[in-house]
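You will see two complexes here that share chain A, one where it goes with chain B and one where it goes with chain C.
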Partner chain A sequence: MSYGNGQKMSFLEANARQRANWLVDEGSFTELLGPQDRMTSPHLPALGEAVSFDDGVVTGVGRIGTRPVFVISQEGRFIGGAVGEVHGAKMVGIFRLALDAYKAAAEKHPDDLDAYRPAVVISFETGGVRLHEANAGLLAHAEVMDMIQDTKGKLPVISLIGSKVGCFGGMGFVAAATDAIIMSPLGRLGLTGPEVIEQEMGKEEFDASDKSLVSRTTGGKHKYIMQDCNILVEDTIMGFRRALCDLLAQPYEKVCACRRIGSYQLVKEQMDLVALAVELNPGDAKDVWRYYGNEHPEQLPELETAEFLRVVHRRPKEVR
Partner chain B sequence: MALQHLEFSYEGTPGATIPMEWFHSGVVGSGDMEVLLTRREQQGKVTVKVCTPVRGFDQVWDKVLARFVQESGCGDLELEINDNNATPFIVSLRLKQALQEARGGEPA
Partner chain C sequence: MESMIGRGRDAISMIVDPDSFAENQVGNVQVPEGYGPGAVVGTASLNGRPVTILANDAQAVNPRFPVVYFGVIGMEEAYKMASAVYESILADRDKPVGEKRPLLLIVDTPGNGPGKVEEIFGMNKATGAYQLALAEARKAGHAVIAMVIGRAISGAFLCHGLQADHILALPKECGTMIHVMPLTSISRITKMDIERLEELSQESPVFAAGVDFFYRLGGVEEIVPAPEGMRDALARHVELVEALKREGHYEQTGPWSRGALGAERGGRTTRPEVLRRMAEEFAAVSSSYLA
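Right, the complex of A and B next:
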């Protein structure tokens, strides 16, 4: 499919490689450690599990305007996008390259760094650690977290969540630690996935087969109302690409202002939110939406994205 | 328990390879597969390596692959397949799609 037609494609339906290619400027994407390098998991064959030449993640570098954009794009159809040893190492490698590129850009363009500042973009589609190689997977999570801390004050790290699997488990933490999160209404973000909550707490607590319940608890619209997601876009590659380009066109400090955790003020905001939740004791996400001024919360899930963005009331930054 | 590695070789059409050095297509989803096509000058031969968790289907692979080579008229190629329980029909379809995409057409 051509780049132009690709832009109109559903982000959810595209595969990881298509997303990576079409998020950056046309023809600019170079895949690093791609299928031709045949870097498959060293652990899966012993368990009789199928392997993939890219270990379920597409990594590479492209351009948006004058700036290099380092892309990590997870493929949910391969073991649910779970992070194993090679998969995790590829993610870490991309961060290292981005930090090297930052150093080079800072030396070469000290007066005009914002135009040449590299960025890291992660399209999440994962449930976190790959249980078949859990130690290596957990270590990879920790290493990626470390790398994100190393980028602070240097280059933006942007999360894109609009895939079928969503972003759960340890990678939910990783997404939370990035500078900004862009989601579509179909994207889902959380720590403990719906099935796991049901398994641990029972169907009365959380019915994972209730799709609308799952959507209004973990979906993009809810995360947008709660300020856990910064930008909500339509489910097209173009929707994500435009939001990404607009965000990167902002001064770096503006992108950093999108962070949801990582300062005394933000921690206090989160703590106030927990206290408010205890006080309100909401039975459903809709109760919270109503509390924040949405008079007809039951209509919000049905609205088209543009209409939703026009009418929705989000949680104010000041919790009360 | 361990993964199966199967190898096959067919008389293809000399010169009927792909325009680039290599081409990749597909995702190793459940019931699906990926294939890496590599240009190889080997008197028209098409060599195939299959990596699959499924046992006991060597003859089915052979028949599906032989038919693909014959019907597509390809040659001078190496195919490397990572399979995750794809059915024979899916295998045929994915191989046809991969070759078509490699030759610059839209996927079927």
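Right, the complex of A and C next:
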């Protein structure tokens, strides 16, 4: 498919390599440690599992305007996009390269850094740790969080969430730790996946097969209302790309202002939000939507994205 | 051997100077009584020096969030711990590296709060916030040392432990458990025979449960043979980490250094190869990206 036609494609349907290629400027993407390198998991064969030549993640570098954009794009079709040793190391590798590139850009363009400042973009599609190599996957998550802290004050890290598997488990907090989050209404973000909540709390409390319940609790529209998603876009590659380009065109400080955690002040705001959770004790996300001034919360899931964005009331940045 | 599971408060007493622990007091801030009861935070002395304590209380339940019991870290708990970390950074912001108060994490937690309200309000943010705070403290020059006394399970270990400079653990004979999932669950999910998995786990530490396997992967710096040794071991690792930081060797502690340790101990040998080849491939094209 051509780059132009790719832009119109559903983000949900696109595979990791298509997303990586089409999110950055046309023809600018170079894959690093791609399938030709055949860097596969050393652990899966022992368990009798098939390997993938990219270990379920496409990593590389592209450009948006004058800016190098380092891309991590996870592939849900391979073991649910779960993170093992190689997959995790590829994520860490991208951050290392981006931090080096930042150093180079800061030296070369001290007066015009915003135009050349590298960015990291993560297109999430994962449930977190890969059980087959769980310990290595776990340690890789800690490394990625460490890297994200290293980027603070240097370069933006942007999350894109709109793929089939969603973004759960440890990667749910990795996404939360990034600077800005772009989602489509089909995107799913959380810590504990729906099946695990059902297992822990019982089906009457949380029925994981109830798709609208899952969407109301973890979906892009809910996260947008809560300010946990900064930008809500249509489910197209173009939708995500435009939002990404617009965001990166802002001064870096504006991107940092999208953060929800990562400072004492933000933690205090989140603590106010937890107090509100106690006060409201919502049985459903709709109770929270109503609290924020959406008089007919039951209608919100049905609305087209543009209409939703026109009518929705979000959490004010100050909780009360 | 004596098990420390569920005994976070006992562990604090065994580690710090006698009667030195002031619960809920960190820097200039008093944490409200009863907030996030599954987490214990406060200030104590270790050989006369102030340290910030961050521990789990497996005996406590959180009346506002019923998923918090037996050491689970819920939203209040994670933000309470994050606040204690930020207060520690603030209190010592003008002190040089080496004089900033160490942060001691006493780890005995089975998980992060799983629940509907948690997901509606974003438990992912709470655990992420605490991890970022710890990483910030570590990079600001505080020594951050984790002591696994009981359970360090999956995401909860990421939340409370894996951002430390150094991680110590009591041996498996004390009942210490470090894992993502027990082999029985891995067997159920991967549909692999449990006997076969047990056999494989002898050669490959990468999915098996246990302190020794994490040690081989570089996920644990040192196994402390018995609970009586915790105090001295923590004090020694505070010194080691501070010495490295005074010299500016920040890459020789924390998650990144545990990667190197994992290769050294033969548990994670592909990781360095991945990093090396990515850097090499980027170097070949970098001139067209770094204008």
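By our rule, the second predicted complex is superposed on the first by the 320 of 320 C-alpha atoms of A that agree within 3 Å, B and C clash if a C-alpha of one lies under 4 Å from a C-alpha of the other, contacts with A are read in each partner's own complex, and residues count from 1 in each chain.
Here, contacts are C-beta pairs under 8 Å (C-beta built on N, C-alpha and C of every residue); 3 or more make two chains touch, one makes a residue touch a chain.
Note that the structure is a prediction, hence the values are computed from the model and not measured.
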Checklist entry - Mind checking chain B and chain C on superposed chain A, clash or fit? => result fit
Next on the checklist: In the overlaid three-chain picture, which partner chain does A:217 touch, first (chain B) or second (chain C), both, or neither?
Outcome noted: second
Next on the checklist: Between chain B and chain C, whom does A:101 touch in the aligned arrangement: first, second, both, or neither?
Outcome noted: second
Checklist entry - Of the partners chain B and chain C, which touch A:142 in the superposed model: first, second, both, neither? => result second
Checklist entry - So, A:269: does it touch chain B (first), chain C (second), both, or neither? => result neither
Checklist entry - Between chain B (first) and chain C (second), which, if any, makes contact with A:85: first, second, both or neither? => result second
Checklist entry - Which partner does A:63 reach: the first (chain B), the second (chain C), both, or neither? => result second
Item to check | Touched partner set for A:195, first chain B, second chain C, both or neither | outcome: neither
Item to check | Most chain A residues touched (candidates chain B, chain C) | outcome: C
Checklist entry - If you stack the two complexes on chain A, which partner ends up touching A:48: first (chain B), second (chain C), both, or neither? => result both
Checklist entry - In whole Å, what is the nearest CA distance you get between chain B and chain C after the fit? => result 9
Next on the checklist: Can you give me the overlap between the chain B contact set and the chain C contact set on chain A?
Outcome noted: 46-49
Checklist outcome for this item: Residue positions on chain A within touch of chain B in the complex are 1, 15-16, 34-36, 38, 40, 44-53, 56, 75, 77-78
Item to check | Complex contacts: residues of chain B adjacent to chain A | outcome: 1-3, 22, 24, 27-30, 32, 34, 36, 51-53, 80, 82-85, 106-107
Checklist outcome for this item: chain C contacts chain A in the complex at 64-65, 67, 75-76, 79, 82-83, 86-87, 90, 112-129, 131-133, 135-136, 139, 154-155, 157-159, 162-163, 179-181, 186, 189-190, 192, 200, 203-208, 213-214, 217-219, 254-256, 258-259, 262, 267-271, 273-275, 277-279, 281-282, 285-286, 289-291
Checklist outcome for this item: Seen from chain A, its contact residues with chain C in the complex are 30, 32-33, 37, 39, 41-43, 46-49, 59, 61, 63, 66, 68, 85-86, 88-90, 92-94, 96-97, 101, 104-105, 108, 116, 128-129, 131-143, 145-146, 148-150, 152, 169-170, 172-177, 189-192, 196-197, 200-201, 205-206, 217-218, 222, 226, 228, 260-264, 266-268, 270-271, 273-274, 276-278, 281-282, 285, 288
